[in-house]
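Chain IDs A, B and C follow the sequence of writing; residue 1 opens each chain.
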Amino acid sequence: MAGNVEMGFWDKLMAIDRRWIYLTIGIVVFIPILLDMTLPVYVTAEVKAVYDRIDALPQGTVVMIPCEYDPATMAELRPMAHALFRHCFAKDLKIVSCALQIEGVTLVKDDLALIAAEYGKTYGVDYVYFGYKPFPAIVILNMGENFRKPFPRDYYGTELDSLPMMKGVVNYSSCALLVNINATSGADYWINYANGRYKAPLALGVTAVSATDYYTFLASGQIFGLMGGLKGAAEYEKLINHNAAATKAMNVQSIAHSVIVVFILIGNIAYFASRKRKKAI
Amino acid sequence: MENPGIGIVLWYTLAAYLTLSIFSFLYKDNPFYRLAEHLIVGISAGYWIAILYHTSLKDLWLQPLAANFMALFAPGGSPLLEIGLIMTSIVPGLLGIMMFSRFFSTISWLSRWPIAFYLAITAGVALPLYLQSFTIRQMQACMIGLAGSPWEIFGDVIIIAGTICGLAYFYFSLEHKGVIGGLAKFGIWILMIGFGSTFGYTVMSRISLLIGRFDFLIEWYEIVINYAKS
Amino acid sequence: MRREIPLVIVFLFGLFMIVQFFIPHRSFAFLYQEFNNWTIIIGIFTMVIGVGSLITVHYSKIRFKKPGWGYSIVTIVSLCGMSLIGLIGGTENELFLNLYRYGLSPVTSTMFSLLAYFIASAAYRAFRARTVVATLLLISAVVVMLGRVPIGQIITAWLPEWLQLQNIADFLLQTPNVAAKRAIYIGVGLGVAAVSLKIILGIERTWLGGDGGK
């Protein structure tokens, strides 16, 4: 009778304690980090578009890189932000940034200051950090009129008008382009409001979870470039010839993804074998 | 990090302890995990309060309010204009304070006013812009001239057909039978390919986060070893 | 009046925000910016209410000695401590920054990194090619998973270019995925417009509260 059927090998495999799967994934991710290997990263057109656009900008141009990532997503987006900051500072571009996600305020400030120090850049002259205000949608709209409306002062409490870099920098039209690094669907606000209303040239750097959603905006021309997850960051690192965290992580990703594909295959084989066995009985 | 100080080592060790406490949840729920979780809920809320006060409340409300009041008592200027400016500072603060009425049942109806204002602003800006960016621009992008190589034309046909069929799938006012049924069936295939791509990328996203944590634990180990050696 | 005044507010200001989109006059732009700023200020108080609700929940747990009330003490003490350090010392205070960098940041990151384990477990246990659509989803997931990392390029390097995994993944992302997401976003745009209109015209009133807005 069905209730007394002994569990076959495939049934046992399907019913395995999930902690064994956790252990396997832990080992599969940890070990490759310790190995010194370099797998080639191929660059996609959508990431190259961001690189080419920034690379073509003359010295001294102002670019806006609003960052909306926090500790939960920093593993993916921080390498992307670092690569972008490095590229801009290496080209002597001026960066205007803000953090519209509250838990990322200190993180973005630290990241900007870290990379600026690497290139000997001065705060207020080469880069400005506005800080945070709640309700990103409304802040994005108000920045389109004048940065000083939602941000009369920068993160450190200095009047924007007293910062040398902010002379003549009024709103999005004062910036050559915007590259929004966003961990959430808040990227929609930048598309709808910054690009939709104010026609700001916009590129996005998003987590891999959200990346597939924004290909349609790339196809329609509403964004000129798209960087998705750690892969996007690794591609940008390759383009600026500065291999860092993201490039190294691609090796680990390769192995982890392969193992997960094997898990899926085993799970499906076990499922169909078990189903066949039960039908035979 | 070479020659780290004892302070850095201790902070890193605290971070490593909290990281491992959270990881312990994978085995089973336990007091270490609970403690770390509750500690961070409190720290996070405290962080929010401090950031909101220093970067937002002071900047957008308290300082302009104080400046406008000072201007009223300063010689010169137009009193009417200055009173107007004070009102533009007081009104939003008053609306914000009215939100707190939610905690008192007899006057909780007052919180509807700031909610109404907030909804009005967000709905009012969203309506034209979402229609423009999400609907009209996307429909515009579907009006592709079928030109180029055969492969490009094939891709464009897939996009146009896939979009129409995807919309047909979500159209529930007509039963999915006959022509509509056929379109909807193709639509769900296209949608599943899209969702499959999303799942594939989601796996990459999650693994990236885990790589980040292991990188940190290795960094902590190196710092402790460097400190022990120095 | 408790119901009517909010509905009038939502109608008048909502209508203004739609109309100002089409009128680039200076006075409209001034009011638009002011109202946006008012919304941000209200938002600050709203977020403080969120924190207030957290305190209320945990205080209730402590007061009535509900299970786990000891942990609630930890939450309240850490909340008060972090707030005071930040409010008094400022956001550039070293202790405040260190509690963020070595407390909040690692725990939040680790919480989310647990998802890697859960997604692997879910992929093993639940990802089944039971139907045609499930198989399509599975195949495209596997192609993108392998095609977007270096290993996909390596294992199919010997194949013609159009059969290489990274190119198939590119095609999937730039063609059927675009079609799928485009259909969804067209619907989302129409949905947001419909809901916004319903709110402004007072047809949608659930925001007035569970008592029917009395």
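Everything below uses one rule, namely that a residue touches a chain if its C-beta (ideal position, glycine included) is under 8 Å from a C-beta of that chain, and two chains touch if they have at least 3 such contacts.
Computed from a prediction, not measured in an experiment: that's the story for all the values here.
A.B. asks: Quick one: which pair of chains has the most contacts?
C.D. replies: The chain pair sharing the largest number of C-beta contacts is B-C.
A.B. asks: Among all other chains, pick the one whose mean CA position is farthest from the mean CA position of subunit B.
C.D. replies: Looking at centroid distances, A is the chain farthest away.
A.B. asks: Calculate how many whole Å lie between the centre of subunit A and the centre of subunit B, each centre taken as the average of the chain's C-alpha atoms.
C.D. replies: About 13 Å separates the centre of subunit A from that of subunit B.
A.B. asks: Starting from the mean Cα coordinates of subunit A and subunit C, work out the distance between those two points in Å.
C.D. replies: Here subunit A and subunit C have centroids separated by 15 Å.
A.B. asks: Could you work out how far the Cα centre of subunit B sits from that of subunit C, in whole Å?
C.D. replies: 4
A.B. asks: Using the touch definition from the top, which residues of subunit A touch two or more other chains?
C.D. replies: Within subunit A, the residues that touch at least two other chains are 22, 25, 29, 72-75, 102-103, 105, 133-134, 138, 141, 150, 197, 212-213, 216, 219-220, 231, 253, 257, 260.
A.B. asks: What parts of subunit C, by residue number, touch at least two of the other chains?
C.D. replies: In subunit C, residues 21, 36-37, 39-40, 43-44, 46-47, 91, 100-101, 104-106, 108-109, 111-113, 116-117, 119, 123, 138, 141-142, 145, 148-149, 173-174, 177-178, 181-182, 185 touch at least two other chains, as defined above.
A.B. asks: Tell me, which residues of subunit B touch at least two other chains?
C.D. replies: Expected reply: 26, 44, 47-48, 51-52, 55-56, 60, 121-122, 125-126, 129-130, 133-134, 138, 141, 159, 194, 197-198, 201-204, 207, 209-210, 212-213.
A.B. asks: Which subunit B residues qualify as touching subunit A in the complex?
C.D. replies: 26-27, 44, 47-48, 51-52, 55-56, 59-60, 63-64, 121-122, 125-126, 129-130, 132-134, 137-138, 140-141, 159, 194, 197-198, 201-205, 207-215, 218
A.B. asks: Along subunit C, where are the residues that touch subunit B in the complex?
C.D. replies: 2-3, 5-7, 9-18, 21-22, 34-52, 54, 56, 68, 71-72, 74-87, 90-91, 96, 98-119, 123, 132-134, 136-145, 148-149, 169, 171-190, 192-193, 195-197, 199-200, 207-209, 213
A.B. asks: Using the touch rule from the top, collect the residues of subunit A that touch subunit C in their complex.
C.D. replies: 14, 18, 21-22, 24-26, 29, 39-42, 44, 70-75, 102-103, 105-107, 110, 133-135, 138-139, 141-142, 145-146, 149-150, 156, 197, 212-213, 215-216, 219-220, 231, 250-251, 253-255, 257-261, 263-264, 266-268, 271
A.B. asks: Which positions of subunit C touch subunit A when the two form their complex?
C.D. replies: Residue positions touching the partner: 21, 29, 32-33, 36-37, 39-40, 43-44, 46-47, 91-92, 97, 100-101, 104-106, 108-109, 111-113, 116-117, 119-121, 123-125, 127-129, 138, 141-142, 145-146, 148-151, 153-154, 166, 170, 173-174, 177-178, 181-182, 185.
A.B. asks: Can you list the residues on subunit A that touch subunit B in the complex?
C.D. replies: 19, 22, 25, 29-30, 33-34, 72-76, 102-103, 105, 131-134, 137-138, 141, 150-153, 155, 157, 191-193, 195-197, 207-209, 211-213, 216, 219-222, 228-231, 245, 249, 252-253, 256-257, 260
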